[in-house]
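Chain nomenclature is as follows: A, B, C and D, assigned in order of appearance, with residue numbering initiated at 1 for each chain independently.
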Amino acid sequence: MSGDSERPDDAGLRQEVADWWATSVSRIEPGVIELRGHPIQELLGAASFTDAIWLMLHGELPAPRQAELLDAALVGCVDHGPHAPSIAVARMTATCGVGLNNAVASGVNAMGDVHGGAGQQCLELYAEILARVDEGVALAAATRETIARRQAHSKYLPGFGHRFHPRDPRRDPHVALVRRAVDDGVVEGRFLAAGLAVEAAIAPVPMNIDGSTAIIYGELGFPAPLARGLFVLARTVGILAHAWEEMQGGRRIKGPIPPGVRPTYRPPTPF
Amino acid sequence: MSGDSERPDDAGLRQEVADWWATSVSRIEPGVIELRGHPIQELLGAASFTDAIWLMLHGELPAPRQAELLDAALVGCVDHGPHAPSIAVARMTATCGVGLNNAVASGVNAMGDVHGGAGQQCLELYAEILARVDEGVALAAATRETIARRQAHSKYLPGFGHRFHPRDPRRDPHVALVRRAVDDGVVEGRFLAAGLAVEAAIAPVPMNIDGSTAIIYGELGFPAPLARGLFVLARTVGILAHAWEEMQGGRRIKGPIPPGVRPTYRPPTPF
Amino acid sequence: MSGDSERPDDAGLRQEVADWWATSVSRIEPGVIELRGHPIQELLGAASFTDAIWLMLHGELPAPRQAELLDAALVGCVDHGPHAPSIAVARMTATCGVGLNNAVASGVNAMGDVHGGAGQQCLELYAEILARVDEGVALAAATRETIARRQAHSKYLPGFGHRFHPRDPRRDPHVALVRRAVDDGVVEGRFLAAGLAVEAAIAPVPMNIDGSTAIIYGELGFPAPLARGLFVLARTVGILAHAWEEMQGGRRIKGPIPPGVRPTYRPPTPF
Amino acid sequence: MSGDSERPDDAGLRQEVADWWATSVSRIEPGVIELRGHPIQELLGAASFTDAIWLMLHGELPAPRQAELLDAALVGCVDHGPHAPSIAVARMTATCGVGLNNAVASGVNAMGDVHGGAGQQCLELYAEILARVDEGVALAAATRETIARRQAHSKYLPGFGHRFHPRDPRRDPHVALVRRAVDDGVVEGRFLAAGLAVEAAIAPVPMNIDGSTAIIYGELGFPAPLARGLFVLARTVGILAHAWEEMQGGRRIKGPIPPGVRPTYRPPTPF
């Protein structure tokens, strides 16, 4: 280590090093664990896991009806079977002689912009529509206009249509739950309105799970990137369950297809 | 692809490929999502996230008091600040231009045998003691004997003592919650007894979070490897909150210490 | 599994499954391993590791002088010490009770757009300039114009300037090696010209390692995304060396700063 | 941050923080990059990538004939096609909207004890035999005895036999290269003798790639864990080539089998 003179004086160094890792998320001292200002001993037995998730991401505890909506969003995304790369990757990794956490990590690593990002993108779509509404444009017009602007680039609308489910079985329960929460004054209903407006504008393509969870996350005040973060968290449950099932099966070095079928070799075509 | 004759006939191939990915965790068909036999539309609005975690790992839904105990175990492990490698790794990765999911994955990847495995190891310790009790040995004797056998190899007992907290603030609430559940007939109390017996045998070293969550997971019937799996799941919340905070800060390529302090270079000592 | 009628007949199924994993990279049959059409037994003892890297990414074997340039690019990126998140993350992970491969994986995972992407971005910058040259614009004008267009958005130019090194010690050797290769007719020199033109246009800010490796990768015909891929591969060596050193040290659960310094807690400011 | 009195004085703090990240691998100062004491500018153009790998792991530069053996070991492990989980995982992840580095990282993460550890385990087997030889036991007897002791627990011998190749096409070239190196005095030949002794003892089961690379790594003086580390490094090349090929194909969210085949759902058997 060198003795260059422009370094901060040592009195300030301790502060500088401590500040390098400054956080508002938690305070950890000997004998003290506080999450967002709440001593852990007051949370244990009083807060559900969902409450703790909300607390850690939002900074304060939720009302019970808010937590119920978050529950419905999370439960809806827990699993989509071994066809999902996040699940298949975790199962294959689990047969290679690594810890359960490593298998889960590889599953989580696969939930990128394409596999895990549609909820975030859909929440951005709703926000775009609602920003126009805030400027005084009527909802239906703001929706048509926003869709048109997006579809000028690509037909794809995040949160709508599904390559597998003709109608996603999670759409109706999600919409019903949000509607009831609106009726009871739990949430405002602006994101529900935006989601339904998009669905009406592009009928008969229905909303999918990304579209309905984006409504919930929007109503609950989560920023768009956390729509992805919360999807990742929910799917971690399915990844864990599948990796654990695979480990119990005891197979070693599981490839993607049975060993009797060998990948096609495609020699490069000569120019 | 070759035409070797020992391959299964094609009628069986579809089944073979489907079976290669067989699972009891979920059933996914067009329009159908079932988790452990429960249609998703019956779970949404009815099951909490904690219920879904239990369902996916246990195979059936929990009773409310069981879910409460699981909540307490999960909430207790959500975060331990930036000194934990799982948290620091995620925060640093979050500044490198990757998705939020990738930052979370690297945090999860760090929760190996040493950083995430003590709960699993402690549950195995309790199970070892209880196996002797099942053979007719008195609890105190079974405990002393098991500890002695383990400490012949290493002084370290997973789940007891903490390098940071003189007394872990989560111990008392966890023990109290399990005790109440025992009093109310929710759980049997065998793992609680084992944990307290260890603590008594090695006094004054207190139980830590791994010791108290191992009691809960044991009482709730989770196999030992899932003590690690559930710890990973819980900590994913803290990892997500910290990675998100770091991303919002906007720092780029964050090293472990301020740039003004340079790692010591230790030239190899000549032979 | 269902018996829907639109599925392909089983005669075609084997082909469909095999094609799902079709590749031109390698052919693996019992007793046969071919890399890009080359039987492995002909490569062993004849091809260097660098030759194999080139073969796998380019599709054919390099000339010796081409391989030498690739060597110089790779060697230059092997390590940048524990301040680099890729290195620090791997070292911390290595203390958590995971395999050496898992520690390496987390280091690799950190080399995202910001930490590992500048070489790719710089190669795109050079290509942009050269595309204008191909349209008949003089190099100096094409360079000024491209820089101006980019700096309208952000001052940052990938591949130039360094927050740590006043002058990157790898710039001069890299430039000299490419120049010699141009003189000897090994490569054309267009990317070298583009790199030097940028450097001249923004003097006195010198080219950094991303700028000089982008020249080499461009001269050697690698597409821009592989500039990132090759950086990742090179740095994997340093990650491995550091993770291994850390594991030998035997420290457990290494945090980012010494345990005696605790991260600053910043309570949220009230609104 | 607290003001507890037992903290080191700030004069020592800078050293403590710098030492927390102390390393003998490299020295990085403004304008200075040294790998194991070698200034980077002296390595560029003079050292091959293989030389740099050796330098980083061994601490000094190799002789050319040593580098050639290392080349042969590395080239032999570069790829084993999409049936290998390391490759399949990377390809699937590459379709999910993440960076090339993230796809590579997940592939590397799968090379655990079972998928990537046999070379390390085989080198330990050879070392065990050679330790007995050092005690004066004849090689054939030491080999029989060591195999018998191991096979008392499990029939499996790391480095011998292959579930796919009747005879690994890499065995003969590797053995021939080491033999020539022994003849020329480049290496001693003890590990070659041990490997051939095992092969003779369990004939007709032939040595596989893990057995032949373990010979090379043993002869070259690498410790056993680095047999795994070097396998990981070599396979990273194949992972990168496959991930890149997959990304160029443009498929999105690639599952492990074609979408038309759905994983078998196995309802849990009632008790």
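In this section, a residue touches a chain if its C-beta (ideal position, glycine included) is under 8 Å from a C-beta of that chain, and two chains touch if they have at least 3 such contacts.
All values reported here derive from a predicted model rather than from experimental measurement.
S.K.: Name, by label, each chain that touches both members of the pair chain A and chain B.
M.R.: Neighbours common to chain A and chain B are C, D.
S.K.: Which contact partners do chain B and chain C have in common?
M.R.: A, D
S.K.: If you line up contacts by residue number, which pair in B-C, B-D or C-D shares over half of them with A-B? Let me know.
M.R.: Most of the contact pairs in A-B are shared with C-D.
S.K.: Identify the chain pair with more contacting C-beta pairs: A-D or A-C.
M.R.: When the contacts at A-D and A-C are counted, A-D has more.
S.K.: Could you pull out the chain whose C-alpha mean position is farthest off from that of chain A?
M.R.: Result for max centroid distance from chain A is chain D.
S.K.: Could you please state the distance in Å, as a whole number, between where the Cα atoms of chain C are centred and where those of chain D are centred?
M.R.: Here chain C and chain D have centroids separated by 21 Å.
S.K.: Provide the C-alpha centroid distance between chain A and chain C, rounded to the nearest whole angstrom.
M.R.: The answer is 29 Å.
S.K.: How many angstrom lie between the centres of chain A and chain D, each centre taken as the mean Cα position?
M.R.: Chain A and chain D have C-alpha centres separated by 35 Å.
S.K.: Two or more other chains in contact with one residue: find those residues in chain C.
M.R.: 1-2, 7, 13-15, 17-18, 20-21, 23-24, 26-29, 81-83, 88, 97-99, 101-102, 105-106, 109-113, 116-117, 164, 256-257, 261-265
S.K.: Would you mind writing out the residues of chain D in touch with chain C in their complex?
M.R.: 1-2, 7-8, 13, 16-17, 20-21, 23-28, 30-33, 35, 39-41, 43-45, 47-53, 56-57, 68, 70-72, 74-76, 78-83, 88, 91, 99-102, 104-106, 108-113, 116-117, 164-167, 169-170, 172-174, 176-177, 225-226, 228-229, 232-234, 236-238, 240-245, 247, 257-258, 260-265
S.K.: Within their complex, state which residues of chain B touch chain C.
M.R.: The touching residues are 1-2, 7, 10-11, 13-15, 17-18, 29, 81-86, 88-89, 92-93, 95-98, 102, 105-106, 109-117, 163-164, 252-257, 259, 262-263.
S.K.: In the complex formed with chain B, which residues of chain D make contact?
M.R.: 14-15, 17-24, 26-29, 34, 36-37, 59, 97-99, 101-102, 109, 256-257, 261-268
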